[in-house]
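To keep things clear, I will list the structure first and then write my remarks on it.
Chains here go by letter, A, B and C, matching the order in which they are written, and residues are numbered from 1 within each.
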Amino acid sequence: MELNANAFGRNARKALLDKTLQEALGRTTGRFVAHRDAAAAAYPEFEATRERASRIKRDTLDHLDTYLARFIGEAEKRGTIVHVARDAAQAREIAARIARDEGVTLAVKSKSMASEEVSFNEALQGAGVTIIESDLGEFIIQLAGEAPSHIIAPAVHKTREEISRLFERHLGEPRTDSIPELVGMARKHLRAKFLSAGMGVSGGNFLVADTGSVVLVTNEGNGRMGTVLPRVHLAVVGIEKVIPRMADLPTFLRLLPRSASGQAISSYVSIVTGTRRAGDPEGPERMHILLLDCGRSAILEGKYREILKCIRCAACLNVCPVYQSVGGHAYGWVYSGPIGAVLTPLLVGLPEAAALPDASTLCGACADVCPVKIPLPDFLLELRSDAREQGLKTPGEIAAMKGYAGVMKRAGLLEAIERIAGVLGQFFTKGKGITGLPYPFSGWTERRDFPAPAAQPFRKRWKIRRGVTR
Amino acid sequence: MTYTTRMDPKGPIPVSLFFTCLADAFSPGVCSATVEVLERFGATVRVPLSQTCCGQPAFNSGNRKEARAMSRKFLLSFPDDGYIVTPSGSCAAMVKHGYPVLFRDEPRTLARARAVGERIYELSQFLVDVLGVTDPKSDFSGKVTYHDSCHLRRGLGVVEAPRKLLRAIPGVEFVEMEESDRCCGFGGVFSVKYPQISCKMTERKVERILATGASYVTAGDLGCLLNIGGLISRIGYPVKAIHLAEILAGGTGGLSSFAADAASEDTRPPGTVRRAGGR
Amino acid sequence: MNERESLFRRLSAACGGHGAVAGEPLPGGASIAPEGDPVARFAKTFTAAGGFLLRGPVEAALADLGEMLRAEGVTGLFFPEDDAAAREIAEALVPFGPFNLTTGAEVRGGSAAVTAGFRTAEAAIAETGTIVETSAGGKTLLPGLIADVHVSIVPAASVVARMEEALAAFTADPPRNISFLSGPSKTADIEQTLTVGAHGPKKAIALLLPPERAEQE
């Protein structure tokens, strides 16, 4: 996906003025948050399960070399072909090669955020493959020729009228304002594709090391379709998605649907292991897994390792007041919200995304809901410090900080400045608030007042009270 | 007056006041109110005047070099024993949680930071958890709602203490707002870096406040109150932002600095309006 | 192979360890005892997931089942060739439509008929209201995949309390596909309005067979 993270400020302002988007965002995130909270409250072991999941993931990451090697060995034993891509270019090359080698002309895809990182669809199209997104929201966006901009609900900004018009134009379907009818149209159309596609492409929610299995968690059923019916199945998955044992899976299944949308379980969980066995009436003859590094091994090495625990539930997005205000597109890449603000700079490089770690008040709501206990606010703080170290801060900010620290070094100097400011402030504002602050603080006073400095700072009052004279 | 078992009932309770640079300069009434409340419950309050700033704005914006400079000075400004009490949840959280990060590569300063961190409290937390106060003995009156500032609630885990104190004041009609723990949009430098997003969040907070019908919104963080109060003042909503310390101390009025900026309806009960510069 | 080697060089450098660490026992998980009668619990959770529960014996449920299928516009019924219980119920249901018998192959071939797919569940999970189907022993998954209505035959004895129990049988040597099916196919991608029947079945029915009946089979 094209990267545009440093335009966050401009895109955020645009998003704030987009009434349709604002309404949709409010409705969607409000619903997800309410459902998630209810689901967590209704499950007495929720907190214990979070702790368990966090520890399993940490153990896995601390020994990822062992677990990933085990996964590959087990997968290959059962007929799976495992590929490794170091970066996006390699991933695209491998994807195109697989499609050509397997003689695929039509592929049906269920959601994979990792594949968005490497512009997977374009790679396949370049190899002569028609690739159709089958997640309903992604399908709609694909027809509209738009980029998916939201992890949780790609078509969140589209009204049913707009969708009906798209279906009329691209699918030849009659206009309707019934949502069930629209869903039925997509179902019918995509069913035909599933039945004739040569390859099903999926992501992977979990990779089970002990058995070489790929786990897909969906509600629509399109993931299942793509992994049972076509001759070839290709799963595109980040290397960090490994969990050690099949017995660990229920722990994550207890957290993922609840955290994402407040469901105790999603409609479908598919655990797929290898190719069609002798005697199987259906199933892929060929199974490929494309493992993506794409910056993950570098993260593993450093202080941000725990970000790789993420199970892509989007709970942090839903609860983040900044995400709720501006939506996903403003973050300018695949991942948005708190996870995006940390992961994007780590995967694409901080200079390309330095605006993102600043897009937070550090309120901590995300850390409260993360099912695997990633310390997101700590990582945002760390990235802001990295930005300073890497010379990404404006000279103005650095000078202001140095000046501020310089004043704070001496209480006497601070007091002198406070007293002068107090006198001037009271004189100019006559006890009322300040309605216009100078740059760079002018943003505050666009819609808010700011108090004038007090005529007498507290430290002066205290001295008077103590009878200290100067 | 109640005492915890930890204290010597006969002796004074030594407290150093950490009055915060923001309150010092813009809302000194908050500092005075904090002293008044502490002294009411048996504290002997010292005010080390060499203190300036805990370094939070520099730390939060990633400028750790400057933050460390201010933090070292902070650590030197306070005595080696006794409690340190501050009317700011975010400043207490900065010392407790931010300092160990700042000094993770400096073992000696780290040790001192940890030792200081163990003795630092936000005001309501100190009153309830350490002094065992159940009734603040305040004559404040009015309908009050409470905003859970992020660092006080999530950083320090202080949720019930302010509510217990507010509910115990006879003249206070306490009402919970919806989304009391939702961020108000201040976030320090965020409010200036992304003011439009910040304002949107503040507007939502003010909507929730107005929905309660309260005359006052209070919190344990001045930054939040200046943010919320700044929007209220600009539009002229019939509600005043007042710091928790000032409610606990008693009396009437809004934040000293906005005192003269009356809303269209005079919702203040009769009483003195505290003006900056005098007590 | 080259890329794989260099990946593992990077990973080993980052991890610096070999072998899994046993560590302290983890909180939560299967150690917490499940509550109550699993069958009763399954009935609740399956319904909560959007499924419809009918109780056996078969004869008692046929009329209701027939009505539900007619209401969905079902005309064709299919079942796996090797699934005797599914065959028995589908055949007994024909006059309640009337319905005709078709095959998974025909549906997969693109038949436009509205169909109900019948299959015996290999297990049912009380914790989540889940039907478990696998490809073990060459079994087909088509009834729960491409039918418009999925009818699961659930012997009471196949109900287990938690997901761990359902997976235990398959951990050592998993079949190609283990599927957890919890209610109908769902989506909320259009105006955040929950709709059933995205790609999988629009309706999920579980026919819960009491123990005596299951023994007789």
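Definition applied: a residue touches a chain if its C-beta (ideal position, glycine included) is under 8 Å from a C-beta of that chain, and two chains touch if they have at least 3 such contacts.
Just so it is clear, the model here is predicted, and its values are computed rather than measured.
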Chain contact graph, described as a line, ring, star, complete graph or other shape: line
Of all other chains, the one whose Cα centre sits farthest from subunit B: C
Chain closest to the assembly centre - both centres taken as Cα means: A
Geometric centre distance via CA averages, subunit B-subunit A, whole Å: 34
Between subunit C and subunit B, distance of the C-alpha-averaged centres to the nearest whole Å: 55
Residues within subunit C bordering two or more other chains: none
Overlap residues in subunit B, where contacts from two or more other chains coincide: none
Residues on subunit A engaged by subunit C in the complex (per definition of touch): 24, 27-28, 31, 45, 48-49, 51-52, 55-56, 59, 61-69, 72, 84-86, 90, 134-137, 140, 153-156, 158-160, 163, 179-180, 182-184, 186-187, 190-192, 194-195, 210-211, 213, 219-222, 224-225, 227-229, 239, 244-247, 249-251, 253, 261, 263-283, 293, 297-298, 300-301, 305
In the complex with subunit B, residue positions of subunit A that touch it: 9, 12-13, 16, 321-322, 325-326, 357-365, 367-368, 378, 381, 383-388, 393, 397-398, 401-402, 404-405, 407-411, 414, 418, 421-422, 426, 430-433, 435, 440-441, 443-444, 446-459, 461-463
Residues of subunit C that touch subunit A when the two form their complex: 3-4, 6-8, 10-15, 17-21, 23, 26-30, 32, 45, 48-50, 108-110, 128-130, 135, 137-142, 145-146, 162-164, 167-168, 170-171, 174-193, 195, 197-201
Subunit A partner contacts - residues on subunit B that touch it in the complex: 19, 21, 23-28, 31-32, 47, 49-53, 55, 57-66, 69-70, 73, 101, 150-151, 154-155, 181-183, 185-202, 204, 226-227, 229-231, 233-234, 255-261, 275-277, 279
